[in-house]
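Next up, some structures in structure tokens.
Each of the two complexes below includes subunit A, the first together with subunit B, the second together with subunit C.
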Partner chain A sequence: METMFGIAVDGVAYGMILFIISVGLSVTLGLMRVVNLAHGAFAMVGGYVASYAAQSAGLPYAAALVAAVALTVLATLPLERLLYRRIYGSANELAQVLLTIGLTFVIVAGINYLFGPTLKRIPLPDLLTGTVALGPKAIPTHRAFVIGAGAATLLGLWWLLERTDFGIRLRAAVDDPAMAAALGIRTERLYLATFALGTGLAALGGVLGAELLPLEPYYAIRYIVLFLAVVAVGGAGSIFGSAAAALALGIIDTAGKYLIPNFGEFFFYAALILILFRWPHGFFKGRTA
Partner chain B sequence: MTSVAARDGKAGQMTRPAPLGRRRDLGWIGIPLVAVAGLAAYWLLPDDLALLTRIAASALFVLSLDLVLGYGGIATLGQAAMFGTGAYAAGIVAVNWNSDPFVMLAAGGLAGGLIALVTGALILHARGLTLLMLTIAVGQIVQEVANKARDWTGGSDGLSGIDPAPVLGLFRFDMFGRTSYLFALAVLVVGLVVARRIVRSPFGLACRGVKEDPLRISAIGGSPKSYLVALYGVAGVFAGVAGALTAVTSGIVGLDSAGFPWSAEALVMLVLGGTGRLYGAVIGTAAFMGIHHVLAASDPFHWMGFIGLFLIGIVLFLPGGIASGLERLGGLFRGKEDRA
Partner chain C sequence: MTRTLRNALLGAAFGLALAAGPAGAATIKVGVVAPFSGPFGVVGKSFKEAIELYQAEHGKTVGNDTVEFVYKDLDQANPAQSKALSQELIVKERVSVLAGYFFTPDALAVAPLIDEANIPCVIFNAATSAITEKSPRYVRTSFTLWQNTVPLAEYMAKQGIKKAISAVSDYGPGIDGEAAFKATFEKHGGTVVDTIRMPLKSADFAPFMQRIKDSGAEAVYAFLPAGPATLAFAKAFNDTGLRAAGIKFFGPGDLTQEPDLPALGDAALGITTTFNYSRAHDSAMNKAFVAKHKEMFGSYDTVTFTSVGAYDGTHVIYQMIKNAGGRIDGAKAVESVKGMSWESPRGPLTIDPDSRHVTQTIYLRTVEKVDGKLENVEKEAFPKQPDYGYKLAK
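On to the complex of A and B.
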């Protein structure tokens, strides 16, 4: 029983981190049709900026979090202009894969040059280090915070896409970019804003998840397969699909590590193949928002 | 931006003897050139034979990827699944039953082809990101199985103790790697010849048709998916032989031979050299591993930064890879001669 509770808490927290990072990828993939393998690198950059801000510059955790998201977005916006704009559209997915792998390599090398190959930590404030009582059980405050942040992100994104002017334009451009442009929607600006949203979410996830996905230069390559799996199962562009897929993968992965540590990976990928074989466009495509 | 390059690339790809008068088909020159350059490297760089051997074996692997990607249009990040399967099959055969190098190559090719046919039939209906994910997942499963079957594969310690018998019973694998290199070079050249036959056969042309326009192929009565599965299987044989070749020449098979990074690296090498040309695979592999040998000696991260910038540059400015750059240079010279 104790184990089941531990699996549930850790699995949900892990799933929420996967969700925050992957949903940015899912939104950019859904709108710009670009397979962005550098998304993990953006999350890593966010984590490193926060680590630097908290450890070397001495900022409090909240300020470091905000600085990390803002700086990552600012740093990646020129990339959208210079690189990504040339590879939008599903026709040249090979060019997308190669360009973003190249970008990932450059970022990995740059991070290693600036911060060195050692593991970096983002020190948690006292407020997040203890445990919260939840009826008879107690869960670590950090896990509770991550779960809360994930839920807030989910609600915020749902509100942004379903209830605002921006969301209406975005959904129009996803459905038919040419028609949206003809109706006077400035798709280029929309792409820029969406790209910023995606990288901001990646940076947020990178900072919040630093306890679960440790920060080191190979972060960008090690976890990108995981993020892509979430998007492929959830269906590109689907928020609730990403959330469900991320939570399911998080819980399965955590349960596998607790219960059958020897075969976790195997079942994870076997399940992935079966799901994608039956639902090639993602399990949740066309069922939810 | 890409239209000129794409047109040039197409003109280079259509190597069928066309009724274009002066423009003869010169594609066959590439293969003897590879053989000559390989032999020249044997005399010129006698201290780097281990590296040259790895280049030759990897070039065969990248060639298999070129068959899939350049002639079938299948974007895959899991080609190493076939390479790893072939390498382990050859290693297991050598350790347990028969260590003749040709038997090892046959075992590797058979295993690689089989796994490619089975997984290809399962996954090739998908496209885009879904297909990428499926190929990655297949690679990870192969790696995981190899990791768990410790009794057969040695798990994470790698499969060692492969001691191949002399080639044809005559040439022993010496400690300087001379036999290894010449054997690998010979297999690579034979592989190039066979691959060239395949892509110029009616089957190869049909595959190219599927790549350009699957709808039209099905309209004239072909089945795009079965062509692609067959091509995937053929490329799996090549990848399996390449894996077996690595097992023969290095004597060890590790888990990383089926890993995701190896698939991605092969893709990078292929694109550096240029897709859809066969010899582009050789150029790309030699350039990639040669530069790697020089740069990674100081710091592996320098190497990553360099190759990353190089990749971005290739995608933006030279979409056909190094080979298309050479062809365009050649085109410039021809243009001058015509005018003179």
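On to the complex of A and C.
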């Protein structure tokens, strides 16, 4: 019983981390229909900015987090203007893949040149080190913090997309850009804002997830399959779907590794296959945001 | 037609002349295959720096011959590519010696080539015991998992540890480490309560930590490839309270290699490892080695086990050229360095005539802060450790 509880707690913690680093991709891929393979690269840029701000500039963790998100968004906005704007729309999928994977290589090489190939860390404040006890099970404080941040992000996004004017306009613009524009919605601005939201979430995930997925220049390529798996299982564009997918995959992976470690990643990918077999468009395709 | 024929004949004659080589001054080329770009680029960098350092100290000539190093980039474990690059070095560059090789599969892939071309291959790193069994022309100046693990397991048993658990990455070297640990630790009266093989691509180590905790072991023997996996494992070990619970953490020294220590941070403090080289090794020769490195390249941050592997490998290559007096014959060159002994920055070395692997001192080290910098501080030395895994491991 204690073991089951332990697996559940670790699984939820891992799932929430998966959620927070993948949800940005769910926004760009699902809401904007852009296959953004550079998502991992944006997350990495966020992580490196935070690492630099905390270690070399001496900022506290919270300030480094805010700086990372803000600077990553600022740095990627010109990319939206110059590059991404040209490849919107589901007719451009191949162009999207080629452009974003190319962008990823450029960012990987740039980070390697600027920061070197060794691992970088984001030092945690004392408040987030150590463990918190949950009944018989202790989990790292940092993970508890990530679970909280993940839940807050989930609710915030739901509110933004379902309950605000912005959300309604955005969904209209995605469903039928021509009609939305004819009704006076400024779709260009809307897309810019949504792109900023996606990269901001990517940077947030890169910083918060750095304890689990350590920062190094190949981060951008190493973990992209993980992010895509979560979004595919959750159903592109569904925030709750992403959360459900991340939690399910996190719990299955944790249980598999604990009970039969020699099977390795088997359970993760087996679950992926079975879920996509049953729900080819993911858990929540075409329902709520 | 005749012109073409004449050109071809001339070309062939010229080629033969090149192959035979003039008896006097010549250039002897050494081909180095290693990762110079990509995630393991820092390894190639340390190889190259060590070779340049050796040449700065000992000159670029042996007798009348100039020694020239030719580098080929192999950015990840890829046996087919390793073979192609090595073949290119032999056929196009006409190298007399092959060297480098960071990953085991890459080193194994060239066995048929070096036998056919009859040239020696000096391995600077690849650490699976079985490699040198595959060809008599391999010589290795690094270490093996068995070589590091046997003294460690003996030490753990002597510390009074009765129950231990092994947690290794599920690939060649990890399985070597697990086998060496289990055999040695049980021979000395300990019990290995569980052996966990972790997938290479694991991101989350919490489930393995829970398993280690539940196993009731007093100590864990861990081996993972250096880099992100090690960092995440060490962090998980601390964060999930295993360290606080008093479980001791042991492993081969790859875990705490010098370039990764700053990233590991205080999570690394107290990890006890055995290894063939620590940058903090206390000897005049090592101090001079590190100082010279800093003078030539501006910092000694990249000095680690791959540096001495390449430095001593270069020494062996120089010795081969000296013994051969010019033209290198693969089998004879290897024969000529068997039993050779010398003093290296890491301590005394001897090439074992059977395994053609260096017999060396293995050090027990603990990660500590020295002048604000994390270093592997040596606590004990186990002299003359051979490769225990030769003709034993799979």
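Some points to look at:
One rule holds in what follows: the second predicted complex is superposed on the first by the 272 of 289 C-alpha atoms of A that agree within 3 Å, B and C clash if a C-alpha of one lies under 4 Å from a C-alpha of the other, contacts with A are read in each partner's own complex, and residues count from 1 in each chain.
By our rule, a contact is a pair of C-beta atoms (placed from the backbone, for glycine too) under 8 Å apart; a residue touches a chain by one contact, two chains touch by 3 or more.
Keep in mind it's a predicted model, so treat the numbers as computed, not measured.
By the touch criterion defined above, A:138 lies against subunit C but remains apart from subunit B after alignment on the C-alpha atoms of chain A.
When both complexes are overlaid on chain A, the residue A:270 reaches subunit B alone and has no touch with subunit C. When the two complexes are overlaid on their common chain A, residue A:60 makes contact with neither subunit B nor subunit C. When both complexes are overlaid on chain A, the residue A:102 reaches subunit B alone and has no touch with subunit C. Of the two partner chains placed around the shared chain by superposition, neither subunit B nor subunit C is touched by A:125. When the two complexes are overlaid on their common chain A, residue A:148 makes contact with neither subunit B nor subunit C. Once the two complexes are overlaid on the shared chain, A:232 sits against subunit B while remaining clear of subunit C. Counting contacts as defined above, subunit A residues 112, 117, 217, 262, 265 meet subunit B in one complex and subunit C in the other. The part of subunit B that touches subunit A in the complex is made up of residues 1, 69, 75, 77, 122-123, 125-130, 132-134, 136-138, 140-141, 144-145, 148, 260-261, 264, 267-268, 271, 301-302, 304-312, 314-316, 319.
Subunit A contributes residues 29, 35, 83, 86-87, 90, 93-95, 97-99, 101-110, 112-113, 117, 217, 221, 225, 228-229, 231-232, 236, 262-263, 265-266, 269-270, 272-273, 276-277, 280-282 to its touches with subunit B in the complex.
Note for the complex: subunit A touches subunit C at residues 3, 6-7, 10, 13-14, 17, 112, 116-121, 123, 131, 138-140, 142-143, 211-214, 216-218, 222-223, 226, 250, 253-255, 257-258, 261-262, 264-265. Looking at the complex, you find that subunit C touches subunit A at residues 38-42, 170, 196-199, 201-204, 206-208, 210-211, 214, 227-228, 231-232, 235, 239-241, 244, 259-260, 262-263, 265.
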